[in-house]
Structure formats: C-alpha cells, structure tokens
Amino acid sequence: MKKLSKLYLSLVLLFLYIPIFVMIVFSFNTTKSRSVMSGFTLDWYVRLFHNELILKSLGNTIIIAVCASVAATVIGTLAAIGISRMGKRTKATVMQVTNIPIVNPEIVTGVSLMLLFVFFQARMNLEFGYITLIIAHITFDVPYVVLNVMPKFRQMQPNIYEAAQDLGCGPVRSFFKVVMPEIMPGVLSGFLMSFTFSLDDFVVSYFTSGATSQTLPITIYSMTRRKVSPEINALSTIIFVIVLTVLIIKNVAEKRKTSRSRLAALEESGRRASRRRIIKRVAVTAVVVCLVAGMTILTLGGFETEVPEELAVEDPDYYTRLADKDITINVYNWGEYLPLGEDDTLNLNEEFTNLTGIKVNYSTYATNEELYAKLRAGAASYDVIIPSDYMISRMIKEDMLLPLDMENIPNYKYIMDKFKTPEYDPDSRYSVPYTWGTVGIVYNSDLTDMDEEDIDWDVLWNEEYADEILMFDNPRDSFAIAQLILGQSLNTEDKRELRAAADLLKEQKKYVQAYVMDEIFDKMGAGEAAFAPYYAGDAVVMMEDHENLGFVIPESGTNLFVDALCIPKGAKNKEAAEMYMNFLCEPEAALEIADFIGYSTPNSGAFEMLDEEVQNDEISYPDDEFLNDKCEIFKNLSDDTNQYMQNLWTEIKTGG
Amino acid sequence: MKKNKGLIQKLTAAPYLVWMAVFVIVPLIMVAYFAFVTDGGEITAEYIKEAGQYGGIFWRSVWMAAVATVICLIISYPVAYILSRMEVKIQSTMLMLVMLPMWMNFLLRTYAWMTLLGNEGVINSLLGLIGLGPFKMLNTQGAVVLGMVYNYIPYMILPLYSVMVKIDGSVLEAAQDLGCGRLKTVVRVVVPLSLPGIMSGITMVFVPAISTFVISRMLGGGGNLLIGDLIEMQFLGNAYNPNLGAAISLVLMVMVLIIMTVMRQFDTGDDERVLL
Amino acid sequence: MENIVSLNDVAVTFDGETILNKINLDIRDKEFVTLLGPSGCGKTTTLRIIGGFLKPDSGDVMFEGKRINDLPPYKRNVNTVFQKYALFPHLNVFENIAFGLRVKKLSEDEIKTRVGEMLKLVNLSGFEKRNIQNLSGGQQQRVAIARALVNRPKVLLLDEPLGALDLKLRKEMQTELKNMQQSLEITFIYVTHDQEEALTMSDTVVVMKDGNILQVGAPVDIYNEPKNAFVADFIGESNILDGIMLRDRLVQFCGHEFECVDSGFGENTFVDVVIRPEDITLAPPENQKIKGIVRSVTFKGVHYEMVVDTADFSWLIHSTRAAQVDSEVGISFGPDDIHIMHKMEG
C-alpha cells in the first residue's frame, strides 16, 4: 500500500513536471524548434540579456507587482482594522464584497475594469498604462490582504489593546506596540500573496494594460501566438532553478533543525503542518527569487554596450527638430513586423531614437480586428498603427484616423505610383503604404506529393488531408478563400453569396486541424500540417527556415493586400509620428524591413537595392499583369455586411 | 469619548470601502448597464437574447469545465489523502513539490503542452519509436480538458489537503476500530469530513476552467471556443461588440453565482477560506 | 478464569528508541485491568497493540488463545474509547453510535434497538439528534463509550478516557464505568496516569515505567506491598529514605536502628525504606528517635498535610490533628509501617 501511494504520487508529480522539463530542455536547443532537439547551446541565456522586449516587460511586471502589493497591503490592513470593529451584519456585508473579486471569473473582473477605465478615459483623460494596471492589480490583491489579516484580529486577545493603554501607552502607540506585532504575520502573508498574484496575472492585465505597460505574461502570450522565443524558456529555467535551490537549502536547514528536536517532533506527530506557513514560506522564497533574478537580469541587460551600426538617412537635419522635447511615441504594430535587433538585424526603433531623441514604445497585435477593437475601446492612445487596406477604409469612414501632413513625410516620394491613391484611401490622405503581398498556400512537401501547379484553393477542402489543414482565424481572409472558389467578388455584399461561402467554410471545418494566425509559423515549422493559407511574405520567412516548406499563389487568383502606416485619432505626438513614418520610408530602413519580414516593399528606393533575383521572384513580386487581372484588394464592407459576416464566422467556429 | 474612538477605527476601513465600491461594484454595474442599454441609451434585451444564441458554447463550456473538474477531483483526492497522512517533515517538502510548477508562468507551461501533444510532438515521437500513432491530440477537446486539469489541479489539491490534514488520525482509527476496512474508512469518514474541501476545490477549479480563453485557444486550435473566448472576442478580438460581451459576461457571472450558491449549501460554516 | 488477552515478549522500538521492552502480560476475562504509569511509560502503546493500531516488532499478541498480530483492527473483537473521544464530527449522536452497526450492515430495526439501549445505558436518551459539537465533554465521553460498547466487544480498551473531564465529573464517571463493566461482564483495559483512578476502579493494576512492567496485582496489594520505591511513590506520595538492612527484621536509617517485619534482604544491604505519610503519628518529641521542626501545615479537608524537617530529611505527614508551625515534634511509626524495598537498578 505504501509503495502504491508512492508510485501514485510520483506519477502525479511527473504529470506536473513534464511540461517544465520540456521547457528546460528546449532552452538549450540550438534551433528555435520546439519539437526537435538539434543540439546544445547556452546561446539563449546570453541573448536573454539582450532581449529588450523581455527585459522591459520583466521590469514592468516587477514595478507593477511591487506598487500594487504595497498599496494593497496598506489599504487592506487598514480595512481589516476597521472591519474588525464593525457590527456583525455590516461585517458580513463587507466580507461579501471582499469575496467578489476572488470568486468572480477573472475575465469578468478584467472586462468590467476595462469598461470602467474606458469610461474614465473618455471623461478624465485617464490613459491605459501603469495607472490602470496598478489599480486593477490592487483591486484583485486587496481582498487577499483583508482575508489574511482578519483572522489575526479574531485570534488576538481581546484586551491587549486596552492593557497597553492601561500601562500608559497612547492609542496610536498602543496600536503599534501591541496590535501591530500580533497582526504582522497576516499582513506579511497578505503582502506576499498579493505580490505573487500580481507577478503572475495575465487575464486581468490583458484587458487593462495599455501601450506603455506590457507585462511579462502579456509578452509571453503574444509570443505563444507566434513562436515562443527560447529566451523565455531560458528565463523560466533560471527562475525555476533559483526557486528550487532556495527550497532545497531551506529544507536541508530545516531537517538539521528538526533532527535536534526530534523527540519534540515525535510528540507532535499530530500532523499539524501549518499550510499557511508553507504557503508563506514558498511566497517569501518566490519574492526573493523574483527580485534577485529581476535585478540581476535588468542590471546585466543594462551593461549592454553594443554600438549599432548607423543607418544612412537622406536628410539628417530633418530628424533633429524634436530632439530636446523628451517625446515618447506609442507604436502598435503586427507581431514580428519590424526588425528589432533579432538575429543580427538592425533595431530600427533604437536607430530612430538615436537619430531623433524620440523614444518608441512598441507593442503588437495579431489581427486587424484586434487593432480595431483596441482603438474602439479607447483602451490606449497610439501614435502610429499599421492596419490593412480594408481596415484603413473602415477607419476612415468611422473617423478614426488623422489626415497626414505629407510635408512632414518627404520620403513619400519613394512610394511606387501603383500604390498611391489606392481605393481604400483614394486621396492618399491617411496612409503611407508599408508593405504589400498576396495570399497563397504554404505546403509541406514531406506531407504531400502534389505538384505545385495542381495546388489550388480546393486543396484546403481535400478529405485526404483531413486534420492536416490549417485555416485563417479571421473572417475576412477565410471568407475570401471560399469566395475565390465560388468565383464571387471578395467584396460582395450579397447575403446569399456570403451564406454560400459560409456553408463552404462549414463544410471545411471537419478537415481543419486548427484556426490560427501567426501560430502558423510554429505549426508549419514543426511539421504539424500539410497545407495552410497565408501571406506571401511570411511564407518566404518560413521557407528560409524550413527546406521542406513551399508556397503557391494559385493561378486562379487571390487577394492582394497592402498594410499602411496611419495615425489614429487621439495620437498625442502627431509630428513625431510622421517623423517615424518618414524614417520607415527611408530606402535603407524599408530594405531592412523587407529583408526581415519577407513582405514585398512598395518603396521604390528599397526595391532598387534588392537583388535582381528577388526583384523577379514570383512569390514576392508577381508580374503586374497577374496583379491586375487576378488579384482583388479588400474594400471596406458596410456595417451590416461586416456584422453579418462576423455572425456567420462565429457560427462556423462554434458549430458542429 | 469611547464611541468616538470606535468611529475613528472604523474609518480606517473607509479607503477600502471606497476602493471596492469604485473598482468592484461600479464596474459590475457597468457590465450590467452595457448588457441592457444600447449605445443610443435605449433599454433592450436584445444583447441577452443574442447571448442566448450561443447556448451551444455555454453548454460546451459547462461540460468541459465539469469534466476537467471531475478529473481533477479524482486525481487530487488520493494525492491529498496520501500527503495528509505523511510524516510532517516529508509533507511540507511534498507540498512544495506540488506547488512549485505554479511558479512557472502558466502560459509557458500550456505552451509546453503544445510541444508534447503535437502530431510531431514529443509524445507522438516516442509512440512512433514503438510503432504507434501518430495520434491527433492537439487541437481537440481532450487537449483543452487536459490543459484545464493541468493548470488548475493545484487548486484542487490544496483545499483538499488542508481539510484532510485537520482530520485527527484517531478518528480514522476509531472507524477502523468500529469495523471499517481501508476503503470503508475513506468512504464513511474521510469523504464526509472533507466535503468542505471538495466543495471549495470544485469551485476553485470549475470557475476558472469555465471562463478560460487562453487554454482553449492554445490547445483547442481555435475550433473549440469557450465562453471566455467569446467574451474576449467581443472586447479585444474580431467580433468587437462590448454590449454583447457584457451580456455574455453577465450570463457567465450569474451561472457562477448559482454554482457557488449550490456549493455553499455543503459548506459547514467553517469560514476559514482556503486561499491561493 | 482463562486469559482473554496475552502479550508474550512484546517489544516495540521507534526510531531506535525502546518503547516496549519485551513485556509479558496476561489479562483474564471479565476483568477490569488498568495500565498505570507516567507519560512515556508505554501504556498507550500497549493498548494500541491490543487494539491493532500498532504492530509489535517482535513477540506475540494472543486473543482467546489465537495469535492476532496480523489481524487488522476492524477484524478484532475489541473496541476502543479514544483519548479525545475521536467522535465523527459529521454525524449526530445516534449515527455516531450506530456507526459500527451500520458497517456490519445490521437491520435498521436492530440498529435502533441497540443504539436505544446504549443511549439508556449512558444516560443520553433523547440526545439522538444532537450535533456532536454541541455536547459537553462528559456527554461526548458517554457517546464515545456507547459507540464502542454497542458493538458488544469482548474487550473494551479505554485510553485515558476521563483525562479531559473535571474532578467531580471524573469521579462520577469512574463509578459509572465500573458499574457498566460489572453489569456487561466484559473485559475493560484501562489506561491512566492517575493512581487514584487506577486504585478505585481496577481488579488488577499494571504499573509500567520506561517500557517495562514493574508490578501487576490487585490495588490493595500494590498499595500495601509496592515492589520498589518508584511504585510506592507513584501509587501514593511517600517518604522514601536510604537505609541499610542490617539483618532480617532490623533496618537502619536516619542514624537509628528500627525493627521491621521484612526479611530475606541479606545482611548490610542498601535498601529503600518507604513510610507512608498516613502511617506516621506525631508524638511528643521526648521519647522519639526522630525529632523535627514543623515547617508547614496545610488543611486538606479530611486531614492536615504537614512537612516536618529533621536533620537530613523532610518528612511528609498526614494527620487529622494539626501541630503548631515551628514547634518541635516527634515522628512515630510501628514496625509494620516500615516497607523495605530493593534499590532500583539504574
């Protein structure tokens, strides 16, 4: 029986530790792959200290956790004092309220706070950022402080406060002399619990963070939607090892202590392990570890002495105008859509800051709709965003963009003529094209022996590849594929046509392994699926990393898309934003971008600098004839159609 | 004079009360407001009706969360029991071991499951070595349930453990003395005595499981939406419709409230809430 | 009468420490046996071995002539009243008592009758539906006894069952327990560290110390003829003096020779001399060998307790007559009041 329990416990522990083991192993992997161990390296540990995004969000996380838990401890402790003096009924009511944030689903807490902050933002100019995050964290922290301190008052001898006064202490002094020491353990464990909850919170932060305050969990989340960079594995491994070491040391120390009083322990074999004490011990350890690890990483990161190479700009003087104004602009971009120093690229944001003295706050989104939702919710104020064609026209229509001052963007001259005055922005007043491309099908030659010419959109409905097909996780792109098969316009507003497309997509669902966006990099890279529709530029990047992947733009036609730089209403630094846009239009910068993200560039200056091979590449730069005859650009659909499509899409995803 | 002093002490709770009112009560009222009032200011039941259309998702969420909760309970119960009957010294070490994984970010641990479960993942590779599979594990409902079990199982083990550790060994001996074998002792004495722990474990697993959106997205492949996903989509995702989102949140909240009330019935008034 | 429980050479060690040192004990049927000794003497361990909660490292546990070492507690015809009662907090009074019967799957009617009988026996009729937490200590105690007795065990084990009760209640329960044992005609094995309790209730007292059995006997024998100074002192407060047995029936202590009734100690052997406080009478100092000064006098209700200091010893004396503090008194006792004992080893 004893053996059986031990075996059982070991199995459960194995279950708990397998993922951690995997994480640790892959932190030493030579490639970014998460399925194949190709060799041992400590590279990621070195890179961790140079990864600005991770270090910045780690810093944010620690700052917010410290502020929120300290504030929560003060408020909560004071509250406990007051509550303990209340009558029975008032007390019960207050405790009910205290329980709300604990029992309420986190997502509801997050959403409700988001609604509140949006309301305040509209009226009081409150901005999503540190403040909102700290408020949110205090809100879910403070009940834990109250619940930890309250029992201490209950356990306290009822007369000690009076006794202290009887012995000559004033009320305040009595409090600090006798009451404080009694409740201190509760205060401490409340603080530690708050701190650890704050450190690890994702859901509430996700709904209440803004442009300037991305925390580590949020960064990790956006990574998991594409590919977790092994630096994060390295960071987690470091934290894990430190926690483990501290625990082992503590345990050894304790063993020695207990063996001395073994007899006493024997007497007390009434198994009175105090759970609270254990939790507290773990929490103390965690706090110490986090602080130490955080500080080390931050300081080490601070010692970075790399001198970036200069990027040649046309008119350096233009960029120095705002140098001494201490401006920070908030840039909201697609994930992995700007080189930031990864894999020996230039860090364009850093370059820009060096050049202009303007700091850049950079965060990312995954879909046009997410960007739209963030802006509509008013959850943050951004200075530069990069929506796609149809979304730009929707935003123009809904008056969400600011007209640009082209005087401030002299490099607009480099934009190829065919990308000027597009349908989505007929006067080119709101947008500066950033990249463009087509949609095609990524395939894995290990999993299919079809010839490239035979691959058309209908392969995504091929039963033979059931469960080896990935599909777009957004309605517009998914509908477009069905519409291409049905021969509809990609911009149809005919509900019958849309219904037909939806039916086709529903039929497809049984073959689809997963609906994904950027996760495609991960899944196709790992050989999880045979076919996936995606954007040409991303396909180019995937093909560079994986020889077995190929890309086809079906001859029957496809969607042509353009992503362009815009300034949303509410931007605080329009001039600096325009300067940033201009900077990204510098031919050398545009070339860096095209190189890094693999998308086609609308910048003639950059195009000319490309290798001839690339200029003639059918995937990145199909000939104009194909673009004109076979490709259609998304236009904005009417609200009604948008809503209808959205409903159909939800129906598809939730049905069956 | 004396009365005055009490007042001052009560006033120390004022910041907290104000805080809770502004940042807990008011936001919840706003959720209700958004759920029933259009942008134009008209009162409508339209959004709630619309939320009703997603009955399928609600049902699926309840079902999957319930399955995950039951599995958690089945796995955790023996764990908690074995732990609580161990030597005190080993007990604390084991408890640490159970809780240690919680210090790793849960997104990363869930992500690691993607590595394990994928068609080309670690498990299928190992199975391949002995000529089995590959099995489709990732992007299934099973994977989502597994993710829930994995992430929330400590919330089941801890409350169970903390009630079981309070069960006096002599009570178990008394049961044996009165004719109970090992199994009968558990059924007749341990289970009834750990009922409060079971109940708080169930709520602590069920509530986050029913409202998660991360696990379903990462392990469910986007085709296994849960209530959480639905809400997230309305606020920060494709669908953008805060009113509908608020309506769904409201329904979710009411569901949770009902479940809590039901569970409360079993609570024996022992108000020492299990934290963490 | 035959033995119902026998322990043969039973030894228990825990973490290298000897808890029971090869003890041998025979308990006869229908007897009230008390295991008496200070805490840590191994009495509870002995009880747990009989109950089946602990397996001895070596030796045999016999029940009605059969070896039951490997029989789990739930298969033994023995029930226990636990130290802190160990009642089931989730069950009411009736269900607590009915527990063992339900496990045996008796019919509902029989359960009702038997529980009813038990409730009557322990004077708790009408308390069936009561919650355990709402009972007083004494009532909980009765439930615990009823819960064990309802199973009609051949042997009832009681582990310091009265320890948590106040003095008056304890006395009441002592009588009740004794009556129950006699009317039910079953064996009681009772553990206590209270010598008075042991002496009043038991047919046989087993005195234990450090994992050894020091003496087994009827209360009167134990009281009157303690085997050594420890037993003597533990059974009742005593004056224990170092003495030398000069020859049979002559002992020397406090610098004087006294006649006594003991013999067989050899000549000039060091012994312990035990004289009970109530056996001493105070006499005028003039004619006595031992004289001392009265240091304190305490009224104890039935008698006075006095401390009298002599040159090399402080005497404890019980008497119905009080002496004057600081007065000189003589200490007097007869030859049969002097108990001679072998010096304890160690």
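Order of writing sets the labels: A, B and C. Residues in every chain begin at 1.
Everything that follows uses one rule, which is that contacts are C-beta pairs under 8 Å (C-beta built on N, C-alpha and C of every residue); 3 or more make two chains touch, one makes a residue touch a chain.
Quantities reported herein were computed from a predicted structural model and do not represent experimental measurements.
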{"item": "Top-ranked pair of chains - ranking by C-beta pairs in contact", "value": "A-B"}
{"item": "Chain occupying the middle, per Cα centroid", "value": "B"}
{"item": "Cα-centroid distance, subunit A relative to subunit C, in whole angstrom", "value": "73"}
{"item": "Between subunit C and subunit B, distance of the C-alpha-averaged centres to the nearest whole Å", "value": "54"}
{"item": "Cα-centroid distance, subunit A relative to subunit B, in whole angstrom", "value": "23"}
{"item": "Multi-partner residues of subunit C (each touching 2 or more other chains)", "value": "none"}
{"item": "Of all residues in subunit B, the ones touching two or more other chains", "value": "168"}
{"item": "Contact footprint of subunit C on subunit B as seen in their complex", "value": "168, 170-171, 173-181, 184, 188-189, 192-193, 195"}
{"item": "Residues of subunit B defined as touching subunit A within the complex", "value": "5-6, 9-17, 19-20, 23-28, 30-31, 34, 54, 56-57, 75, 78-79, 82-85, 87-89, 91-101, 103-116, 118-122, 125, 136, 138-139, 150, 153, 158, 161-162, 165, 168-169, 182, 203, 207-208, 210-214, 218, 221-223, 225, 228, 230-233, 235-240, 242, 245-246, 249, 252-253, 256, 260, 272-273, 275-276"}
{"item": "Subunit A to subunit B touching residues, read off their complex", "value": "1, 5, 8-9, 12-13, 15-20, 22-23, 26, 34-35, 75-76, 78-83, 85-86, 94, 97-109, 111-116, 119, 135-136, 138-139, 142, 144, 146-148, 151, 171, 193, 200, 202-203, 206-207, 216-217, 220-221, 224, 228, 232-233, 236, 239-240, 243-244, 247, 251, 254-255, 258, 265, 268-273, 275, 278-279, 282, 286, 367, 369-370, 372-374, 376-377, 379, 467, 473-475, 509, 512-516, 522-523, 526-529, 646, 649-650, 653-655"}
{"item": "Residues of subunit C defined as touching subunit B within the complex", "value": "51-53, 72-74, 78-80, 82-84, 86-91, 99-100, 103-104, 147-148, 151"}
